[in-house]
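I'd like to ask some things about the structure below.
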């Protein structure tokens, strides 16, 4: 009989399934790309308005991308499916809008106010929702967000109710030393990009921090993470709140961009939109949410200009994406590159 | 290697299997004749489980030949094997969460009476009788029929997994490390039970780390390594082989 | 009678409101059960459930236009939706098994868009008028007030269907197989069950129930391409409040939601929609698994 | 304002909800608006410049509408905007347009857009507003049908506005409000509210809701037998809603800005209908559709009168416009740019119809009169 | 070093009247034992005797129905599970419980991190090279040195069992609870694992549950026997082997 090989049998010769980052030519490229993901994302976004059909749409995509990014922190990286993110987007938008319309705050302060309001809503919802799991978590967040929706709906004096909040007009942004003409769409785009870029950078830091690693562990196996010594509930809550803050910032930017806040911003359909964008782009990928937001918006926008039956095509394209690009667009691109480089 | 007369009940020829892009089985060949107990041994990661899973049709990509009772089953869907009389006790027990012990057991015989939902009251009674019989063999299960199965202790779950596979009185059972987590006194009983089953005509293919006991009950042994069979002999021969004793048995 | 009152409302009005709530609940129950079946047992979030509801209603109303028989519609609509469901499962959903919960969700979301838009193309944007069939028109004096006959029929019919369904799932082994299949399909296969057929059946059944609810709801509100949209959310609420995959739970929750809506509209009518979500939030915070949800069910 | 405004076509942005629950109305609006554009172009345009309609789908979402309006202004550099169907959307378009100094002629019913807070110099309101419609219907119905009135209103600004109009009109007739029930917008079932209303046996039930809400609530009110003792009244009775609702609408009284049978008495209506029928296979325009026509015509006539496409001059010209496009005389009030126009009172029927489109009987017309509008100071406009 | 602790040394962990009910079923009742600092103690007993339940109670995964748990003299009954881990109690699970879609290396690294940095938000992980180093060392020790970049779910069962132990070790526990550490391992790997266990015991306290009697008897100075949720016997290998009741319910002919 043959002598058993030392070490584990398959160690020699057999190819391994999981690619090791940094091996192979494409592998090296990918490793490089992932190290500079923030720079890459920003580089893309800097040239984006010249590719998009019009600047207002480009700003929308930025804002929705940030929104999907915030959502992705929770679903893609922590494994918590929330259907309540509209409350954060809306909270940020209303917070910012109310600060400007009713209190005449400086737009920059209003952005902060919006983000804070969203953070507060997220903390309140999170404390309650974290008690449940899985699909029940999704539904609890949905229910709570709808309660927030109705609260804002009814606070007509502040929010304008069904008619939405109007009059968030910021024609020029006065900053120490210079003025920005926000009525110029290009200026507006880059102003928004500056804020989104900052948030993306922070997000990237967060992901590569120990906290980010712990979130992934929680996604994989909550019980084991707890046994390892992680305070799972608290970490989930913190992730929930950070995610809410990012979405809130997106909402605040959207309020300034559109100069109105429709109540629809808070409706669960908007939460669904975050899910769709994140899935389209690629769950748990860094760049995916922006790709998802861009695809989602461009599809709807482009098709609805072409035909009034655009929903048929959007639906069909969705189906095709799921069947043929299960990892999402960006996720699939990454996977293809990996395979090709192996 | 083939030995004489009766055609083997299970014949595996040059079986190769992959998980995604990893090529795990590099060409496994083995045979089990009706009424035999055959054991696979080998290091962790050698490919024993993959061999059993391939036979059961649970590995996504597989090539080669697997014949059972004279018919090629390699590409048949997994559920068909059950109807041909092949049962499988997976490693790590795979107790279905959310079901009670009794329901897990019932699951083992449901399909035997002609598919889900088609059974009438009479076969319900049949079911109850089988559960009664099996529970005699594993008294611990009998006390716990209404308990949610996943909350059972490790050893109890292992018993349940075995009992479930035996519910439909299979022609042949594939057992993946059945003694894992079972207390010593019961391990012995269990192996005695295997011998009894063999006497009653059930054929057994066993993967086992408790090599000493396995050698005692087996007719023949295959040693698997690196995704292939590296050695094959009657059990008695190995029992007397000091090198084997040293490498595989002593703890 | 009218001099008895509770919280400022005459008792007979309260009683009538209760019946109204039950009638409302009957529809909730039907859509909820369909969703719950597919959701709880296959781990597929069917976002097209509302669309099946709507198409079911259209099919029924369309056929009624030809045959003039509501009873035929009542059979044909669920049948058609069941078949459509089978086709959808076989062609679109099946390739997604084993890919987690998000892919089917996205797919059925896209599918709902397609279904709604197809109906708009085929039947126009405005919807079709439809009232209760002649034999079920009019109102009945319940002793507490007049109540539309059709709604009484609705209650009786839905409860019959639910009862039959309960027998089917609890008294056959079907329920056991699907519950097991949701958790560990591989093992179920090893135990000789062709799980893909079971799933096919469950999906078809769920869709058929949606279609049935659609045609039953059509006389209440007419049919429009958008009629399924609120239904989806309501069905989710019922499913979750009742407990995933629990038939009895869905019945309980559906009736509860109906009654809560009816009663809220008595005291604070503008809050009725909010009441549904507040109820769900409350239930989940007190019982995180839903009213009759089993421990360990999904997540 | 911009370079593109100098030569080339006169561009009119036209955001309407092509998809969604009001797609039928929106499509009709587009068809009618295109008619107005064609008419203008066939008459030679303006100084050789043709008009062009840029239709966008606002998806009945104010956010989408705002983006689309930005697109129309920033990318397409439109000269004017006309459109909108829901109040929230119209306010959103208005907010974006007014900040960028673009004339917007709204063709959606809203009271808020007249108020000083939302109004801008560039805002015009071609449609009726809820106050006018409900007021006219109230003034017609209450003296005839009785004083015990119940309200079932959609709980949002638009519903409240209609109710306010009714109540204001009712004060004169001394009505008694026996119930004031508000239902959430978009409810699919009203049965929970109806037993309570039926128990009160009011003379009149005012349904202050719109579109699908209206169809479903009328259908269910009929089912619950309310029509036995009660007159059903809807301030805005839509042509398309009536067609979707069918027989259930029988006997319901309401107001509208336009109904095609106006052609029996008003020549401009006849002329408009004929053009429309000729262009679209004999179809008749709906109420909202007609607004699309009028909205675009007001702007284009403004251009002609101003002899310029320049915003300020067109604003001034539109303020002075006295016209009869399709329903009799109309003109914009100076302070809030609300179009002063007639309101038709119609009753729904399903018997004795000459064509499937013959669904209403015109009971009366309330002539254009500034007295029926809320006063300028009430709206916050300084004299 | 390995010398059996003197009975007077203060125990690292002690339980007093510990019990656990599931509904009406008493899985454990009135168990009072003390574990001296250092050395290896084995807990044995029939299937369903309550061994894993006992582990779950002293590692904080379950809340006891009755009784107390004392760690170094401090009452820690009812503390949250992650507190147990932070105090230095780690457990390997009887049924493999790792992070399936993380690599083998990352499994251990994230477990090691839990002990050191939990809420590091903005510092890059590369600022903690010691975590990765520690992971590699541990994986080498359990024989997974060549498998570090695989996903955990792709390991064979026996390899996952080894990973399970490495994950538990990563927390640098003072008290390590191993629930059937060698279950599913081949004899050869079992031997390696036992060597490791012995080495580990030089610097910390180990309690293990095992059904492999030869191994247990060779490794431990002290055994605790549970039966039907109660303490049946306690003592050295020879005492236990000779204990008639233990023989009857558990050992059979084996020992």
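We just call them A, B, C, D and E in the order they show up, numbering each chain from 1.
In this section, contacts are C-beta pairs under 8 Å (C-beta built on N, C-alpha and C of every residue); 3 or more make two chains touch, one makes a residue touch a chain.
Keep in mind that this is a model prediction, so the values were computed, not measured.
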| item | value |
| --- | --- |
| If a chain touches chain C and chain E alike, it appears here | A, B |
| Each chain counted as touching chain D and chain E at once | A |
| Between B-C and A-C, the pair joined by more C-beta contacts | A-C |
| From chain A, the most remote chain by mean C-alpha position | B |
| Between chain C and chain D, centroid-to-centroid distance (C-alpha), Å | 36 |
| Gap in Å, rounded to a whole number, between the CA centres of chain D and chain A | 39 |
| Whole-Å gap separating chain B and chain E, where each centre is the average of the chain's CA atoms | 29 |
| Residues of chain D whose C-beta touches two or more other chains | 19, 23, 27 |
| In chain A, residues with contacts to at least two other chains | 4, 8, 16-17, 311 |
| Shared-contact residues (touching 2 or more other chains) in chain E | 154, 159, 188 |
| Touching residues (chain side chain B, partner chain E) in the complex | 19, 22, 41-46, 49, 91-93, 140, 147, 151-157, 159, 177, 180-188, 209, 211, 247-251 |
| Complex interface listing, chain C residues touching chain A | 39, 45, 92, 95-96, 99, 101-103, 105-107, 109-118, 120-121, 233, 236-237, 240, 244, 271, 273-274, 277-278, 280-281, 284-285, 288-290, 293, 298-299 |
| Residues on chain B engaged by chain C in the complex (per definition of touch) | 56, 58, 77-79, 81-83, 87-88, 90, 94, 96-99, 103-104, 106-108, 110-112, 115-119, 148, 150, 164, 168 |
| For the chain E and chain A complex, residues of the former touching the latter | 59, 61, 80-82, 85-86, 90-91, 93, 97-103, 106, 109-111, 113-115, 117-126, 128, 143, 146-147, 149-151, 154, 159, 167, 170-171, 188 |
| Chain C residues touching chain D - in the complex, by the definition given at the top | 10, 13, 16-17, 20-21, 23-24, 120, 124-132, 138-139, 145-148, 150-151, 220-222, 224, 226-227, 230-231, 261-262, 264-266, 269-274 |
